[in-house]
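One chain, subunit A, appears in both complexes that follow, with subunit B as partner in the first and subunit C in the second.
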Partner chain A sequence: MRKIAKTRIDDVLRALAPRYDLYVPVEGATTMRTPTATLWQEGLENASRFRLYEEGLPLYWRTNTGLSPKDLFFPQTEKMYTAISQGKTVEIKEESTNAWPIILFGVRSCDIASIDCMDRVFLQKGYEDTYYKNRRQRTLIFALGCSTHEDTCFCTSMGIDPKASPTADVQISDLGDAFGFTAQSPSGQQILASIDSLMSDAYTAQPVSPDPMLINVNLEGVTEKLETMFDHPLWDELSPRCIGCGTCTFLCPTCYCFDINHKSPTHAHIVKQRSWDSCMFVDYTCMAGGHNPRPSKTERVRNRFLDKLLYNRQRHGRVFCVGCGRCVSKCPVSLEIATVIQKIQAAEVTP
Partner chain B sequence: MNENIIQVPDKSGISKIMREIAGDLLRQQTISLVIGWEKGILPNKSAPAFITQSQDAEKLIFDEYCYHNLTKYLLQRKGSGLKTAIFVKGCDSRSLVGLIQDNQIAREDICIIGISCPGLMEERNIVIPAKKCEICYTSVPVEYDFLIDCPETKTANDEPGGSYAHRELPRVENMTLDQRNIYWQKMFENCIRCYACRNTCPVCSCKECCFDQANPTWLGKGNSTSDNGFYHLVRAMHVAGRCVGCGECERVCPMNLPVMLLNNKLSLSIEELFDEPPASLSLDVTATLNHFKPDDPEEFM
Partner chain C sequence: MYVHKIPNSHGTYETQGVLTTPDTNTIHGGTTGYAPTSAGPVGPNPLLPQRGIITKIITETPDTKTFCITGIDGTKPFSPQPGQLGMLSLPAYGEAMFSVTSQDDTHLHMAIKAVGELTNALHEIEEGQECGIRGPYGNGFPLEFCRGKDLIFIAGGIGLAPVRSLIEYCINHRADFGKLTIVYGARSYADLVFKEDLFENWPKVANKDLYITIDRAEETWDGHVGFVPSYIEELALSPSVAVVCGPPIMIQFTLANLEKMGFCPADVITTMEMRMKCGIGKCGRCNIGSCFVCLDGPVFTQEQLNAMPAEY
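Take a look at the complex of A and B:
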C-alpha cells in the first residue's frame, strides 16, 4: 500500500483531473441555515453527490453521498436520439458517444455493490444497453473504505464489507490522517504508478474500522419466505403509510426503471429521451386504455419490496439492496427497507 | 369541551395519555382506525402508525421526531363512511380545518385528538429545533375533540411566517435580480421531482394531479431546470391561499431544497393584499381566496 496525507489529497486529484473525467464526492452546501451566509454564492443546501472535480470544491469524505453515483452511468434524464423531419424524410441523429476515460473517485462499498447490480441489469441479461455501456466501460473505480458510518447505514447486514471492494480498480483505505492506495486491477496499477511520486510507503498501516452499525437486519431466509407472501396481509398493513412519492426509488442506487418520452422543441423536431421512473408513482403501470394493474398502494408497495428482495434475486442473482441507508434516512414516513425486512422476518406465514 | 382537556405534567407524559384515549376509542368501537405515531428503526426516527386494535394502542408515542402531518392520510378514508381518530399538533390541526372546509373530509367522521406541541427537533442534529417549527403560528391545535395539554407547549410566532419568513424571505428578496435568478435556477436544477413535497402536502388534495396526467401531458417525466421550475411554480399557485404553513414540503425534500419559501411568500402576499387572517385557523372563517367581497382589492388584475 502507498499513502498520502489527507491534507494533500488535492495533489492526487489535480494530477488525475487533466487525464480523466474525474468525479469526486462533493458536499451539499450546508451554509443555508446560518443567517449571515450569502447563500446564492454557495449554492442551496442540497444532498452531497459526485461532481466533476474542480479545484476548490468542498469535498465530502465522511460517509456515502446523499445521492448515489448511479446518475453518472444512468442519468435521470438522458437524450437517446433526435429526429428531424424535412419534407417527406426524417433524419435520425444518434447521440454522439465519447471515449474519454472516467474515474469515479471515493466510492463506498455499498455503491460499488450497487454498480454490480446495475451491470447485471444493463449489461448481463443478454442485451447490452448502449447508453449505459458507453459510460460504464470507460469508468475506473477508486473505492474508498469507510472509517465511520451514518446512523442509517446497514451494509454489513447485506453482506458487504464497508472497508473493502475487491471489484474496484483501486482500493483507498482510511488510515486516520492519510489515505492508503492499493491497486486491484492492471489499469488501477497503471494509474497508481503514474502518481506514485506523490505517495510514500505504508507497509504497516492499518485502515481505521467503523464502529458497529446501529441498524442490523437479518436477511437470511427473507427471499424464500417472500415466495409465499404475495397475498400476505402484511402489505395491507404496511402500505397505508406510504405517500407514493419517488424518494426511495430515486435515491436507491439499485433502482433502474425508466420511462421513454420525448420533447418537441419545434414541430419538425423531436428529442427522444429516457428518464427515471418510479414504481411508487400511480401512473407507472397505467396502460394506454386507462387500466392500471397496480391500482392501489398495496400493490405498489408490495411490488417494490418483492422486487428488491425476491424478483431481482430470481432474475439477476442477488438481492437489490446494498444497505446504503438512503431510504432509511430520507423516506418521509420511514417506510424503508430495513424496517420492512424486520417486518417480513416477524410476519407469520401459514405453511 | 373542558372535560376533554387532559393535563399532563410534562411532555414525556403525552404518549401515555395518547394510548389511553386511542385504546378507549377503539374499545368503544365507534372508531375503526386511529392514526398516530410510533417509534421508528432509530431513536431519532418516528413514523406514522395506523392502529386498528385496542391492544396495539401501546405502540403509540409522541416525541420530538413526530414531524409527520398525518391529516393527508384521511383522504384514504374519504367516502368510506368509517370513523377515524387522528392525532394532530397545532400546525397539523390547521390543515385538518382546511380539509374540512374544502369538503374533503366530514367533521363528524373524525375524532380529533390534539396535542399542544412542545416543539420538534431536527432529525440530523438533535439539539436544533426543527425547521418547520420556525414557521409555527399555533402550537395549540385550533380544532379538537380531545386536547392533551402540556405545560412545555412551545411558544408560537405571533406573526404568520415566523422567524423563517423574517430570515429567509428578506434574504432572497434583497438579492439582486441576477442573484435571485441564480438562486431559483439552482433550486430547480437540484430538484429530482420525486413529488414528495406534493404528496405529503395536506392541501394538495386533488384525486388526480395535473402533473400525473398523461393525456394531455402537462409535464413530461424528463427532468430539466425549466420543467422543474414549472412544477414548483404551478404547485405554489395551486396551494396559495390554502397553505397552512405546516412545513411538511420542506421537511420531506430529499434534496433539502427551500420548498416552503414560495408558499411562505404567497401566504404573506395574500395577507398583505386582503388583510385577512392566515388560512384555516378556524372552521368558521373561510379562507381568503375561497370567497370574495365587492370591495376586494384588485390592483393585481
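Take a look at the complex of A and C:
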C-alpha cells in the first residue's frame, strides 16, 4: 500500500483531473463553505453527491454521499436520439458518444455493489444497453473504505464489507491522517504508478474500522420466504402510509427503471430521451386502454419489496438492496427496507 | 390463504456475487420446453429505431387499421417469428409495441386499434408517412412445440392480430401442422378484422374448420351469433393445442371453458399485453413477478401463467 496525507489529497486529484473526467464526492450545498453560483444552479443542491472535480470544491469524505453515483452511468435524463419530421419524412439521428476515460473517485462498498447490480441488468442479462455500456466501459473505480458510517447504514447485514471492494480498480483505505492506495487491477496499477511520486510507503498502516452498524437485519431465508408471501396481509398493512412520492426509487442505487419520452423544441423536431421512472407511480404500468395491473398502493409497495428481495434474485442472481440506507433516511413515512425485512422475518405464513 | 407460490423461474438461486450468464430470450417455467425462436433486435443499439415508411394503410374496421411498413431502402426492417413484437413510432407522438400481424418479402404488417394518443395519430396519417421501427422483441409462438399437432385458434376482436401471424405461418407450412381450427368473434360484422382472410383466403385452406361469430344478430349476417367462450363449448372441440387471444374478459371465460373441456394447461397458449417502453428487458415496467413480458413473453402457456403472480 502507498499513502498520502489527507491534507494533500488535492495533489492526487489535481494530477488525475487533466487525464480523466474525475468525479469526486462533494458536500451538499447546505453544508458548503463556499457555494459558488454554478453549484447552486445544478439542482438537488442539498445532497452530497459526485461532481466533476474542480479545485476548491468542498470534498466530502465522512460517509456515503446522499445521492449515489448511479447517474454517472445511467443519467437521470439521457438523450437517446433526435428525430426530425418534415412533411412525411422522418430523420433519425443518433447521439454522438464520448470516449474520454472517467474516474469515479471515492465510491463506498455499498455503491460499488450497486454498480454490480446495474451491470447485471444493463450488460449481463439479455441485451447490452448501448448507452450504459458507453459510460461504464470507460470508467475506472477508486473505492473508498469506510471508517465511519451513518446511523442508517446496514451494508454488513447485506453481506458487504464496508472496508473492501475487491472489484474496484483501486482500493483507498482510511488510515486516520492519511489515505492508503492499493491497486486491484492492471489499469489501477498503471494509474497509481503515474502518481506514485506523490505518495510514500505505508507498510504497517492499518485501515480504521467503522463502529458496528446500528441497524442489523437478518437476510437469511427472506427470499425463500417471500415466495410464499404474494398474498400475505403484510402488504395491506404496510402500503396505506406510502404517499407514492418515489423518493425510495430515485435514491436507491440499484433501481434501474426508466421511462422513454421526448421533449420537442418544435413538433417537427423531437429529442428522444430516457429518464428515471418509479414503480411507485400510479401510471407506471397503466396501459393505453386504461387497464392497470398494479392499480393500488398495495400492489405497488408489494412489487417494490418483492423486486428488491425476490424478483431480482430470481432474475439477476442477487438481492438488489446493498444496505446503503438512503431509503431508510429519506422515505418521508419511514416505509423502508430494513424494517420491512424484519417484518418479513416476523410474518406468519401457513406452510 | 396464500394462493400463489411465486416460482423461481430460473431454477436455483445463484449465490450473491456470482455473475449470471447472459441469456437473451429466456423462457421461464412450464414444461413445453420450447426454445428461443429468433435473434434479437436488428442493429447495434437495440433502442434505436430504423427509419421506415408506411406504404399502405388498410382500414379493417371503424377503429382498426393495418399499417404496412418497409425500410427506407425498401427492404423489410426485420423478420419476426410469429407472435413477436415490433416497436413502432411516430416521433412527435411517441412509440408503442404492437404484434406483427403478418409479413411479406418487403413489409411488416401491424393491425392497430385506435385507443390512445399514438394510435389515434396513426389513424390520421396518410400512406407514404415515414416512421421509426425497431425489433423484433419477445419470444414468439412456440413453433417447435406446435409442429405436427392439431391447432385451435381462438380469438376475439383485435386479438386476431397476433394469432394471425401464426395462422399465416401454418398455412405457409401446411404440411408441418395437423388440422387447423379457427374460432373468431367480434362485436359486429363491421368489427371483424381481416375480412379478406376470413371470407376468401382461409376458407380455401385444406384440413381446417373455420367458425366465425358476432355478438348480436344483424339482418345481413347469416352466420353464428353469440360470444366466443360459449361458442367453443357448443362446438365441443376435442382437446389439443389452443392459441387464445382477445380482450381480457373473453380470455378469462375462454380459459375457464377450455379447462372444463379437458384442455391441459401446458397446451393452452396465450399472449400477454403489458405497458412497454424498452422492449429489451431493461426499463422494468412489463414485469409479472420476475418475468419480463417483453423478453420472456408475450407468449405464455396457461401452465406458466398459473405459476406466476396474478398481476396482469
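Some observations on this one:
Everything that follows uses one rule, which is that the second predicted complex is superposed on the first by the 333 of 351 C-alpha atoms of A that agree within 3 Å, B and C clash if a C-alpha of one lies under 4 Å from a C-alpha of the other, contacts with A are read in each partner's own complex, and residues count from 1 in each chain.
The rule we apply is simple: a contact is a pair of C-beta atoms (placed from the backbone, for glycine too) under 8 Å apart; a residue touches a chain by one contact, two chains touch by 3 or more.
Because the structure is predicted, anything quoted here is derived from the model rather than measured.
Taken together through their common subunit A, the two structures put subunit B and subunit C side by side without a clash. In the superposition on chain A, no contact is made by A:60 with either subunit B or subunit C. After overlaying the two complexes on the shared chain, residue contacts for A:73 are found with neither subunit B nor subunit C. Touch criterion met: A:277 reaches subunit B and subunit C at once. When the two complexes are overlaid on their common chain A, residue A:293 makes contact with subunit C while staying clear of subunit B.
Of the two partner chains placed by the overlay, subunit B and subunit C both lie in contact with A:259.
Contacts of A:50 after superposition on the shared chain: neither subunit B nor subunit C is touched.
Of the two partner chains placed around the shared chain by superposition, neither subunit B nor subunit C is touched by A:179. Angle at subunit A (Cα centre) between the Cα centres of subunit B and subunit C in the superposed arrangement: 90°, in steps of 10.
Look at A:81: by the touch rule set out above, it reaches subunit C but stays clear of subunit B.
Here subunit B and subunit C are compared by how many residues of subunit A each touches, and C touches more. Of the two partner chains placed by the overlay, neither subunit B nor subunit C lies in contact with A:235.
Here subunit B and subunit C sit at a least CA-CA distance of 7 Å once the structures share a frame through chain A.
Once the two complexes are overlaid on chain A, the subunit A residues touched by subunit B in the first and by subunit C in the second are 259, 261-262, 277, 286. Looking at the complex, you find that subunit B touches subunit A at residues 40-42, 44-48, 50, 68, 72-73, 76, 131, 167, 171, 175, 179-180, 182-183, 186-187, 190, 192-196, 198-200, 208, 212, 214, 220-224, 248, 251-252, 254-258. The part of subunit A that touches subunit C in the complex is made up of residues 80-81, 83, 85, 88-92, 94, 116, 120-122, 124-131, 159, 223, 226-232, 256-262, 264, 267-268, 270, 272, 274, 277, 279, 284-289, 291, 293-294, 299, 303, 306-307, 310-319, 349-350.
Subunit A contributes residues 28, 32-33, 35, 39-40, 43-47, 66-67, 76-77, 151-152, 214-215, 237, 240-241, 243-247, 250-251, 259, 261-263, 273, 275-278, 281-283, 286, 328, 330, 332-336, 338-339, 342 to its touches with subunit B in the complex. Across the interface of their complex, subunit A is touched by residues 1-10, 13-26, 40-41, 44-51, 89-92, 94-96, 115-119, 126, 128-132, 248, 273-275, 277-278, 280-285, 287-290, 292, 295, 309, 311-312 of subunit C.
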